[in-house]
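In the two assemblies presented below, chain A is common to both, partnered first by chain B and then by chain C.
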Partner chain A sequence: MIDDFKLKEVISNVLGIPTVEINNDSSPDSIEKWDSLSHLKLVMAIESEFNVELSPEDSMDMLSVKLIRIILQDALKK
Partner chain B sequence: MNGRMGKDNFSSIINSPSDYARASREIEENDSLNKINIAFLSSYTSEVLNPYIVVELAKNGYKGSLYYAPFNQFEQEIYNPDSELYLFEPSVIIIHSRIEDTHQNLMMRFAKYSDDELIEISEDIINRHQKMLDGIRSKSDAKIIVINFGNSQLTEEYFISSPVIQSQQTYIQKLNNSLLELSKNITSCYVIDYQQLFAHIGLNNSIDPKLFYMARIPFNSSSQITFGKIIARMIYVIFRVPAKCIVLDLDNTLWGGVVGEDGISGIQLSDEYPGNIFKAFQRAILGLRDQGVILSIASKNNINDVLEVFEKHTDCLLKKSDFSSMQIHWENKASSIEKISKELNIGLDSIVFFDDNPAERDWVRAQLPDVKVVEVPKNPINYLKALHESKFFDSLIMTNEDRVRADIYQQEQQRKSDLFNSVSVDDFLRELKMKIKIGFSDDITITRIEQLLNKTNQFNLTTKRYSSSDIIKIISDGGKVLWLSSADRYGDNGIVGVAILIEIKHKIWIIDSMLLSCRVIGRKIETAFLAEIVEILKSESAYELYGQYLPTKKNHIVSDFYKKHSFKLTDKKNNFWKLNLNESDIIKPIFIQVSRND
Partner chain C sequence: MNLFNLGDSYSEKFVITDDVVNKFADFSKDFNPLHIDQDYAKSRGYSRQISHGVIQLSYLSKIIGMDFPGPGAIWMNQTVDWLIPVLAGDTIEIILTIKGKSFSAKILTLSVEIFNQNKKKVMIGESQVKLTENLSSKLNDEINKPIDFDLSQDSKKYLSDKHRSTKRVALITGSSRGIGEAIARRLSSNGFSVAINYRNDEKSAKKVVDSINSVGGDAILVQADITSPNEIAKMSKKIFSKWGRCDIVVHGASPPIKPIKTEKVRYEDFDIYLNTYLKGSILLVENFSKSMIENKFGRFVFLGTSYLFGTPPKGMAAYVSAKEALWGYTKSLAADMAHYGITTNMVSPSLTITELTSEIPARVKEVEAMKSPIRKLVTAEDTAYHVAHLCADHSGYLNGINLPITSSPV
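So, the complex of A and B:
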């Protein structure tokens, strides 16, 4: 299972928003600071924190906290 | 952690992109750090480096505020005086144009080019850099950091010697040589050796193709961290004053074991493990000496045991004569370091202390907070790494004076012992057979002049710090920037004095700055220098000369300089002094031979 606390912390650190403001549906649409460059920074931070390598497609698709969790879960199984 | 983070609060626990992102945000809220504006012009998305540069700078006490120009906007930013670049008022401008981005075929289809075409391309690349650097210099005094060109990623074919690929490596090497040469002719311009840095990291381990193809980010997150660290280290080194002297312990530092107990044959110092670790460390210390670092010793030992090692131990590379000061006795090390500081006439803040004993380090830290203390690791195998990582001796400009500085300090020791033997100070000075030469700042001497202006604290009347671009400005505004070199029977001291003269009103001049390196203090060279200044100004029919003394913690030695030379106090509050050039003269000491560099 993915450490939910750790994931939220990474998102909070990279995007500069408090963890309490992050929920399952948080996405670039709901969080202003989540722009395309921040998105890549988020991908890099997740890769490093969870010790996983994500494909370009996976990286592009991670467009909400829920999707990040699903994709990350799959990637960790591989 | 709240907003109260001094530079010591950033430790190595910050090591992942997520930690860096958080820490860099906390630094933005921190007002205790020195703010520094840095502009980054690049051919890729350099903004991803931001947290790494910011956090690494904060470890050294700086709060970096960065402006990233849109990628590939070099000329647009540089040639337009109203561009964002100049509006940002940067103290540092970083230029990173990667060949991979500007000349893709050169990296990926090298074989398609003829020799003539290759020459033409390299000239283009170098000319473009020359123009960019000149362009910046004409509009800004910012320090410039140029990143050189990296190698193309190699595949294993290369190692079985494909001549085509090899010549590509040579080609890039030559480009880098040209870039280095041109940077030397631009004031305050420094090169980061990206080529070697990425060879060091390993190109294959530093790229994430996904990041490059999706966002023009040419390195993965771990090499972003490394690159950010190097950039921060360069900026730190550009602005700080380098240490001058290392104070070394002996037992378990320069050799393994305790000489007083183990005896000369029992200490570890040889070509075999573990003695070879200490021998290598000694060699590295000699390397510091070659760079101009002064070596000295603070050790609790019996002096005779130590001298025996220096004289008789065949694997002891360091000799007694390599040390400018030796404090070998049973007194505490803080007082030893104070004695070294007095003896060598250097400030405590330019001394680095290296001792394997944590108690000694703590004592020195507590007693002499200005002394820089290396956090020496337990295992001697890591001593060298700790010394390098301390950054205390990173040096960007290596002048000839640096190279001979350690020798000069040794000669100074000889002079001092002579001083005690000779009859009177005047006799001693006469015996020194001093010669000084005075000249005007030019391309060759400006680096040394800048260096002296920025690190001389004691014999310095106004302690005004000027960069070489400031100096050039002063000269173009009609000021005179003079240097003074000195030599005596013991050797050549090189350039040891600087004076800056400015005409404040028609034929009325002021000594804006005047300084002498501490190694020539107390020899009446200052009087000869002042006499020469007066002569130069009189030849331009100046009639009044002003001087000012701005007191600091360290320049008390010159507080009565103008009084001694018959200047009259005209403004007590601001400490202005005046000499009427038509009525007074400065008498040159007869024992100093003066010449002009014409």
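So, the complex of A and C:
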């Protein structure tokens, strides 16, 4: 299982938004600061905080918090 | 635009003066004394010299080329019968009348009559005139005639499906669940009698039938493996003995869809899909088109996939190839069957959450949803709604299309 609290903290830190504004459906649609540049920062932050290695495809598919959780969960199993 | 009609005529008067006659003699070198010497003409019993007959044709030439039909006309042929001489000083009236026309050859046939000032006919003949492009458009009154569309009659043809005296009958393959089930429910609520086809899952199929009938619908259960000629024949017998007809066939049955790595996929994997999609469709057409042809009405709707548009996803070679084959068959049927009143179309939704797609990983589904402009996966009901539209009487002009239900341009 992934630490959802930790994930929210990472997203909150990278995007500069309060954790209460982050939920499962959050995405670049709903968070203005989640643009293509901060997305790369987010992917790198997730990699280092959770100590996983993600593929370029994983990065491209992380289109929402829900997807980040799905992809992170798969990556942690490996 | 004034069109050329049979019976249309044109007339113009000309005075054949001495000057005209003498100029013509100069021009043609026809100095026959009958034309230019009044005394000589008198000695031959004419009160004045006779004008050259061809002068009449010269004026005819002017009319054909300048007035009737006018510039662009080519004089092809002329018969001439001079009845009495035209004397210098006479006034002639040339009358042209359209007595024939050919739209295909773009030729007018004109009768020619020439009278003198005493209303005596001096010449009769017939002209043939070829019309070049700018003129020929005036010929095709039959083609250009405004068509009186009687829309009230037209709309009467399309009785709303709910208000027909005879209900339309629809067979929906694979309608025990998922998209097929949604289509069956939608067609039933639109007023169709529905045959619920299933292969194995009798319990689910019976549930669909019961729930449709419990709300006033007209549904029966028909078991058949769509790849089996015998079972389809048996199924069609059951439908025809119940309703005596089958107007609509929606083919949605499918084996479970699961990705297979392309380097590991075998021809046998293709066969699974080809059997259901292509062979199944061919068998359905074989069994149901005859009754549609007799009734001059039919609808075939085949379920496609949005993977037919653009780059298909990884590992779907067997599935995509078989659907593509079905699309080829759809187009051919559309071309061949439309004149019987039978339309054939494909409906191609993007990834839909049903049991069929349960083996597709959650991540793929979620990515697909987030990549769609409306951030949602298509539902079975979305697809059902559009299938019902294609099945309606009023959709006779939608034929051979592959309707994308994708929430985005394809």
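The definition used in the following text is that the second predicted complex is superposed on the first by the 78 of 78 C-alpha atoms of A that agree within 3 Å, B and C clash if a C-alpha of one lies under 4 Å from a C-alpha of the other, contacts with A are read in each partner's own complex, and residues count from 1 in each chain.
Everything that follows uses one rule, which is that contacts are C-beta pairs under 8 Å (C-beta built on N, C-alpha and C of every residue); 3 or more make two chains touch, one makes a residue touch a chain.
Please read all numbers here as calculations on a predicted model, not as lab measurements.
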| item | value |
| --- | --- |
| Clash or fit, chain B versus chain C on superposed chain A | fit |
| Chain A as apex of chain B and chain C, Cα-centre angle in degrees (nearest 10) | 130 |
| First (chain B), second (chain C), both or neither touched by A:Glu47 | first |
| Superposition-derived comparison: chain B or chain C, residues of chain A touched | B |
| Which superposed partner A:Glu9 touches (first chain B, second chain C, both, neither) | first |
| Chain B versus chain C as contact partner of A:Pro56, first or second or both or neither | first |
| Partner chain in contact with A:Leu37 - chain B first, chain C second, else both or neither | first |
| Closest Cα approach, chain C to chain B, once both complexes are overlaid on chain A (Å) | 18 |
| Chain C-contacting residues of chain A that also contact chain B | none |
| Chain A contact footprint on chain C (complex, rising order) | 362-363, 366-367, 370-371, 375 |
| Sites on chain B touched by chain A in the complex | 16-19, 21-22, 25, 45, 47-48, 210-211, 213-215, 217, 220-222 |
| Complex contacts: residues of chain A adjacent to chain C | 27, 29, 61, 63-64, 66-67, 70-71, 74 |
| Sites on chain A touched by chain B in the complex | 9-10, 12-14, 16, 36-37, 40-41, 44-45, 47-49, 54-56, 59-60 |
